[in-house]
Structure formats: C-alpha cells, structure tokens
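Residue numbering begins at 1 within each chain, and the chains themselves are lettered A, B and C in the order written.
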Amino acid sequence: MTSRPYRSRIRQVVHATAFVLLASLSWSRPAAGSESLTVVSWGGSYARACQKAILTPFTAQTGIETRLESYNGGLAQIRAQVETGKVYWDLVDLEMADAARGCDEGLLEPVIAADLPPAPDGSPAVDDFLPDMLTECGVGMLFYSTVYAYNPTHLAGPKPTTIQDFFDLEKFPGRRGMRRSPLVNLEFALMADGVPVEQVYATLGTPGGVNRAFRKLDTIKEHIVWWEAGAQPPQMLADGEVVMSTAYNGRIFNAQVLENQPFVIVWDGQVLDHGVLSIVAGTPKLEAARKFLAFATRTESLVAVGRYISYSPARRSGTALITTHLETGVEMQPHMPTSPQNTARALHNNWEWWSDHGDEMNERFSAWLAR
Amino acid sequence: MSSKRPADGGVFALFGPQLRAVGLVLPLVAFIGLTFVAPLATMLSRSVYDPVVAAALPETLRLLQAWDGVHVPPEPVFETIARELRTARQERSLGRVATRINRVRGGLRSVLTRTARRVREAEGPAWRDTLVGIHAAWDDVQTWHAIRRAGERFTARHYLHALDLERRSDGHIAPRPDEYRVYVSLLWRTLVVSLSLTGLCLLLGYPVAYLIAHAPPQRANLLLLLVLVPFWTSLLVRTTAWIVLLQTQGVINSTLVALGLIADESRLAMIYNMTGTMVAMTHVLLPFMVLPLYAVMRTIPRLHMSAAASLGASTIQAFWRVYWPQTLPGVGAGSLLVFILAIGYYITPALVGGRSGQLISNMIAYHMQTSLNWGLAAAIGGLLLAFVLVLYLVYDRLVGIERMRLG
Amino acid sequence: MASTHNAHVEFEHVSKSYDGQIQVVRDLDLTVHEGEFLTLLGASGSGKTTCLMMLAGFEAPTSGTIRIRGRSVHDLPPRKRGIGVVFQNYALFPHMTVGGNLAFPLEVRGIDPQQRRERVRRALQLVRLEGLEDRRPTELSGGQQQRVAIARALGVEPSLVLMDEPLGALDRRLREEMQYEIRRIQRSLGVTVVYVTHDQQEAMVLSDRVAVFRRGRIEQVALPETLYEEPERPFVASFIGENNLLHGRVLSVEHDISRVEAGGQIVQAFQVGPCKPGDPVTLAIRPERVCLAPKPELYSNRFEADIQDITFLGDHLRLRVAVCGSTDFIIKIPNIVGHGAVLAGDRVQVGWTPIDCRALTPDEKE
C-alpha cells in the first residue's frame, strides 16, 4: 500500500555508494619534507628547464635538497597553507598579478633586494634587473610571450604575418585556437582592430573599449577552438585541428626544435609577460629559501633556463649571454620574445589592470562564450 | 535484552548495547563531521558572512552609517579611511580588503592599494584633497557606496550575484547588465546537460547491467571487469583518448574519410563542442549507472519473467510490468548518482567542451582557484546543493507515486 | 505411446541436455490424463523439474515431442500454452499488491477493470484470502503467499496447472494443511495438475498417479497404493516407504513364485518380471509384513534371526535383526499386548509370506 520499503531501498543504495565515493575522494597532501626545499613551478618543458638549469646545480653547490612540484597558477593553495599555518611550499613561480596580490594579502615574504647577487660584471642587482622586475615580494625571472603560430603543412597559400591576419577569415579560412580566458585575447582583438599598442589598456579602461574588443572577437567566434592547458596548442596545430593558434612561445619553440614540427610563430602583436619567484610567508625554511632565491635569480641561472626554453632573462646582463640551445645547438636569439626583430609590435601585459578588472572580464567572457 | 543480568563482558557491557552501538559508529560520525559536514558548513557560511572589510575599516564604516549617500562624504571620513588603510597595509590585510571592495565595484583594488602606499607620506588636514590627488575615484560617490556595501558582515550579495542580479545603489534588486549575465544560463545549461547525460547513461547502462546480472558467473565477472577497468583508469587518460578518437584529424573522422563516407573537407566536428562533452562524460559516468543497476538486478529472480510469461504476458509486457518496476530502486540510485556527479563535473568539460561545453562547475572552480572569490563560489555551490536536495525529494515523491499506480 | 481420447499431456521420446553431454532427461514417455493429479516424484537432479519447465515452455526439449491435447507445442511460447504455473518460492511480484498480482494475467489479456475486480475477488475467495487485495506479498505469511500464487496461476482458468515444489518453503504443519487445500481446489475446478515434489508422503497424499523419476528416467508410473504394494523396481520399492532389500540369486521359477538363495538361506518370493535360474534378484520385504514367531502353516519363509537392537516408537516397535545375509533387516511390530517378550541379543524366529516378498530385477549400478 505504501512504497516505503522501495524508497528506503533507493536511499540505502545511494548512501552506500556515496560513502564509497567519499572514501575515494579523500585527498592526499604532499608530505612536508623537513629537509628538502619545495619549489613549485608550471610543469612541462619549462619545469624541466628549471630543474636542469637551477635546482640541480643549487643542490650540487649548497647540499640543500630540492623538490620540484607543479601547479596551474593561482593563489588558492598558497592561501590555504598560510592560513592553516602548515606551509609546505617554500618558493613559488608566480604570475605577476598573483605576486602583487599575494604580497598585499601577506601571503609572501618581502624580498631583501640587497641579498640578490650582482651581475657578472659587478654591477649591483638593483641596477641589473630590468624595470619593474624587482617588486616588494617577488623577483622577476623570465619574460615569456603569448603569440600565435601556424602549421604551414595545414595552411596552403599565403602565410599570415600580422595580428590582423589572425582575425582575417577571408584570407585565412579555418579554425583558430585561443586560450579560454579573456586575458591576452582582448588585447589581441584591440590590436587587430587597429588600436596602437600604447593605447590598448587605456581603451580597455573604457566600457566602449571592452565592447570593441568583444565585437572583434565576435567576428571569429564560430571558428575558435578554445584551449586550456599550455600543452594543447602545439598538439592542435600538429593534428590539424586548427590552422593557427595562440600559444606560449616556449611551447612552440620546443615543438620546433625537439619534435621537428614546422610551426611558424607570428611575433606581431605578441603580449609579453613575466614570471616572478616568491617565498611563501611563514615557510619554516626561510634561510634556505632565501639562498635559493638568490641562486635562482643569478644571471647564470636565468641564462641557463633561457638556453633550454626560449624565455628571456629579466636581467640586462643576461640578454647577451643567451647564445645557443643547450640540447640542439640552435641559435636562440631569433626565438627570444625580447629580441628586437620580434618586438616591433609587442605589448606588455598590464597586470594592474587585470587585477582590477579580471573578475569582471572573466564573467563577461563567460557570458559571451555561452551566448 | 535484559539489563538485569550482571555485566560480564568487559567495560562495554556496563553501558548496554545502545551505547556500544553509538561507540562503534562514533569514529565514522566524527570522520564525516570533520571531513564533510564542517567544510560544507564553513563554505556555506562564507556565502553569506564576510567580516574582512568590517574588521579592517570599522571606524570608516561607522561614519558611513550616517552618510547621506548623495554627496561625497565629509572630511572626517577621508581622514579615518586614510588612517585605517595605512594600518591595514601594515598588518598586510590590505589585499583582502581591496579584493572585496573591488568585487563590488571593479577597478577599486588599484585605487585602494595605491592610496595605501602613497598615504604614508601624506599629511592632514586636507585629507580629501590628498586622496583625490592620489586617485580621482575618491571623488566619486559610487566608490563610497561600494565601500559601505563591502563592509556588510552579512550579505545576500553572493547569492544575488550567482543569480545574475545586483542591488543598485538605491537598494533595488535588478538584473545585471546583459553582457555580464552568465550564471543563470550556465546553471540552466548544466541542468539540461546533466539530465541528458543521465538519460544517455541509463539508455546505455541498462542493457549492460542486465547482461552482467544475468550472465553465468564467469562471463559476468569478465563483463564487470570491462566496465570497471575504465573506471580505474585516470580520468585525464580517458579524456585524452577521446580527443584522439574524436578530433577532426582523429581516428573516427579519418576512418570515415578513408571509407569515402564523408569528404575530407567536411570532417565531423565531434569534439570541443557539446557532442564531445556528452560523449566523454557519458563514458566517465557510465559505471556509476551500471553498478547500482547491476546490484539491484542481481536480486531479481529470473523466475519472475518466466512467471509473467506463464501468466500470459508477452516479453515486452513482462519487461515493462514486472522487470522494469523492480529495477526502479537501481534506476533511481544510478540516475541520482550520475546526475549529482554530472552537475559538479568540470575537468572533462574543460578539456573537451570547447566554447559550448562549459558548465557551472567551471565557474565554481574559477572562483575557488583563480579569483579566490570563495563567497561567490560558495553561493553557486549552495544553489547547486539546494537544487540537488530538491531534486532528491521530488524524485522520492515521484517514485512513490509510480509505485502506487503500478501496484 | 499412442494418444488416447482423454490424454491431456503426452511426452514422446523426450530428451533434454543443457551442455550436449549430460542427459538431464532421457527418452521419456509419459501421458497425463484430463483432470488427473499427477505427481513427478524424485530426488533433486532427477529431471522432474526440467520436464515441468519443458511442458511450461521455458525450456525446449533436445529431442522428442510434447503434445497438449494432441497438438505439438514445440513452437508455442509459454504465454500461449494456456498453462498456469505455481513456482518454487512463489515468484510473486513484490512491487505489486496481492490484488495487482492476481489482476496481472487478466490485465495482459485485456480484460476490463470491472470484470477484473470481480475475478480477483472470486480468486481470493477460492483460496480463502478475502480482503487481502491491498497487502503486499511481503506482508503475508508463507502459507498466504502460497495461496496467492495458486490463485494467480488459476486466475485465467487454465485447464492445466503445473506446480514446482510449491510447498517446499513451508513448515510441516502448514504443508499438510496446504496439501488438502490444493487437493480441494483441484477437485472443485477439475483441472489437470502436474505436480513436482521430492517428498514421497506429499506425493501419496495428493496424487491420482505418481511418476517416480530417477536419473532422467521414469522408473514407474502408478497409483500411490500400487507403488507401495507392487513396486516394479528396487529403487521404487525403497523410495516409497520403508523396505528391506535382500540380494540373492534365482534357483528356480515356478509360475509366479521363485526360489531365491539369499545369504545362505532359501527364500520363496513373488517373481516380478521374467527371469531364469542364476539371475541376480533383489528381494523387497516391507518391515510391517514380517512376523515374529510365525505359524508354520501360514508362513513358508521362516528363519532364525538375531536381534541387534530394539527402538520403542510409541505405536510400534522397530527391531533391527540379522537375517538372510543382512544385518540391517528392519521389522516393525505394533505396540499391542504380549509383544514384549523379546530383548536385544535374543534369537527369534521371523517369517513372511511369498506374496509379501517381491523378487525384482536389480537396479543398474549408479
């Protein structure tokens, strides 16, 4: 007459399965190795370069063990560690906007600029670092760039050369890869729409400017394949999934020299950004962490990384020392985002604008995507 | 269950069986309390309670209580906020305060951080001029409204935000500008996708579960293994495998082209869209449907189908009237599981969803990990939770009604 | 077996094998008459349930023909055979009420609700469960569930009802009660029933005829009394009731009486089936037909026997004696005045008439 037994049966099955799921979802936290220093970076070929160029030599010189972990950016994990008082990440390679924000929130240790090693020619660190590279809580390491690249084997006829070409479906039909984020894409759109480099952020600061950027993106919206991880664009280009894609220049470079992919980078309209190395506030290994920070920001260290993957050192003294690729002997200069021939139209990412408007832009971008 | 007998079984026996049972369950209850209930409660409280700004700018907020809201506040407010911003910077809580105020009105983060940096050297008494000199935004009434709004300890702001609504400065609740409305449509899409996935999983999983439940033991074990092996494989590996299969130059498209079924230029778009999301997620979630179904089907005697046949029912009648109703507890459990998992899934849609395959959980992840707007993330999560609970109750009722009609 | 005018079901050379090697049913012939209550009796694995399932249509014979009312049912699905089946463990649908279960066969036949309700009510009346329409099967006792299962099988008024160990799950008292109930219903409706059980007492109580199964074959089909009094095979003799089996060799045969040597003694026995001197035979003597201190003029078989032990069983005594090469020979004597003169270890005279001693062809070895 009632269906009680059946309903309670459903509940039983649901509950039993839920418990199994709960158990399988149990998290694991990396053990806080008391003796070794944990350095957190971006993974992939970049992390490999850091390991070879910095971590291994550091251990050899100081005897301090290091451990490289990867993450996908953001402050969430650092904040959780600092707030619970269990800090097991010692140093983190951060995006500039996160470094500034982490500093304001007290998540990062202030940098003692005087501790940083001088350039090989003896000039002090404060002079050797490029402008804005020394900040309150972090030291700029390397410039990387978001560019677009194409695969000539899947793109017959004339080849694209400018950022306008990326948005030109008539001359270059086919699908494009873009990062699923408003970051950089809005800048690309405005530059392609004819906004001069120096006015991009001023234009974005007006509501009309943002609308203009989205309208430009609208013109290719149906032809965009969105990517999420840095490893995706080279793969999509190789597979012919897209005819061209925005990408981090180092990833394309690695595909070119290590996998012999015929990809071509279009440097026009590239958006430069730089990574920052910071010490997490409250680390129990502050002394060792400071040693590591000093070691990692030596000119030699930065140059070594730059000779594994095409990212430019943040020190003046480093630029000239980037010669050939350490694994293949390829000449590095043409591949560096800061080389003069690549910076004819290059935009520096304005992290302050993005930390003010990032959330808003992301919501608007999501709304735009969903439409 | 006599309590008159003398205790003879050690300490536990003194307390009687009920207490002993409580003692045995206690560790699990504590575990769930610590790892599930407490974090959930914390998150939900974050969606309505946020004391950071109120704690950092107490005097400013007190003075703003008396403010008319029409003109720029008087000099003492400027003096107070300059002092409190300076203190916040020294205590390194400025970032958190600025972030929160920035969420109410975009662009104020740099105003606040810059002001706090520069105000160190500044002196009174002309505080208003000093601040406006640092940034013109201090001369804007909206800035002060934003500070006052962010200073509320208890707020419905996050829930309004999660429903694409906002409170205007005059206190009215109104929809947000069209180009920023995203959460409701994503919620709606997530709901539709989850329901379709549940249906698809049921459609594909039911025959498989039937086969396994009624196969001879050895073959059943093999089939069950085939269902479980993908279940044990890394989610990323499985998702990547689908990319390899479904992409434009992928195995399926190339096979179709090679067979001459489609032209090389008109390869099918099966990934980075809703199709890709549906295919990959169905694969990921299928075991959650098959296992409960299998568990329930195993307990249904095959004799029932024979009995129905002997009573004159055709195979179809026997299935729908006798077999299917008895599997409803499994169908219900499997559907609930798949639906609840689907509604919170984000890795697969992020990887293969492309533009149209993004779900509400991707926004939660974004606010948890990138924007660190945990209040909003908690509010969206709270909405999802409420939604699932309502659905569970509705389902409970529905199954009950279904039963009564059949009986 | 030729069809007769009142044959309801006929099995003709029916064999069944699931795996192609082991024959579950071997070359079986059987006729069930109209209105008859026929029981298939046998141990588990003897093929009786398989026969029932083939008749119901859930299994197909490997070879041979099954006919219902003269028509081969080879290509007839279960639902078209017009057979009611009562399953082991009832197979009531747990998600339906009692009324729902009973209405099910009517519903799938498209009978209108009005008539359905009336027939459900009548069916419940038949099995004396009036007023339980709205209960769930799980809320009923075992006996009540059994009645519902029977009522359901009878719901569409089949002329043939199959029952597969329907009382197996009930306790003894309830089983006995249900036996009479089943018999009553069968008689009142006049349906043909084919009933499967391993309980020989149940078979005796219920059946018009009993078919004794052994290893996929029928050993004997007969009235219950006939099976008891005139078993044709040693297996039947010992399966139905208690029997003493003695192994011997035929010395001579004269008319129906043969002289058999068993354990060094000469026994006169009623010869069942043809045989010649030297053939091995199995002698079957019922324990209650053996007499202590027999009068010579009545009992031509008289022997000395040593009493091994005596068991007091209320209405009778049970003696285990050593005689004619068997140390396990059972004698039952009624508990009446004047029997009590024997003790374990005594040597006594025992005797039986040749008519009560059947000489049977031995069973083939297992």
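Here is the rule we go by: contacts are C-beta pairs under 8 Å (C-beta built on N, C-alpha and C of every residue); 3 or more make two chains touch, one makes a residue touch a chain.
The shown structure was predicted, so the numbers you read here are calculated from the model rather than taken from an experiment.
Here the two chains linked by the largest count of contacting C-beta pairs are A-B. The most distant chain from subunit A, with centres taken as the mean of CA atoms, is C.
Subunit A and subunit B have Cα centroids lying 27 Å from one another.
Taking each chain's centre as the mean of its C-alpha atoms, subunit B lies 66 Å from subunit C.
Taking each chain's centre as the average of its CA atoms, subunit A and subunit C sit 85 Å apart.
The multi-chain contact residues of subunit B, meaning those touching 2 or more other chains, are 328, 403, 407. In subunit C, the residues that touch at least two other chains are 95, 97, 136.
Multi-chain contact residues of subunit A (touching two or more other chains) are listed as 1, 6.
Put simply, subunit B touches subunit C in their complex at residues 301, 303-304, 306-314, 317, 321-322, 325-326, 328, 403, 406-407. Of all residues in subunit C, only 56-58, 77-79, 83-85, 87-89, 91, 93-97, 100, 104-105, 107-109, 136, 152-153, 155-156 touch subunit B in the complex they form.
Residues 1-3, 6-7, 9-10, 13-14, 17, 22, 26, 72-76, 79, 100-107, 180, 211, 214, 221, 224-226, 228, 239-241, 352-353, 355-360, 362-364, 366-370 of subunit A are the ones that touch subunit B when the two sit in their complex. Remark: subunit B residues 32, 35-36, 91-96, 98-99, 102-103, 106-110, 113, 179-182, 185-186, 189, 247-250, 272, 288, 291-292, 295-296, 328-330, 332-333, 336-337, 350-351, 354-356, 358, 363, 366, 368-373, 396, 399-400, 403-404, 407 touch subunit A in the complex.
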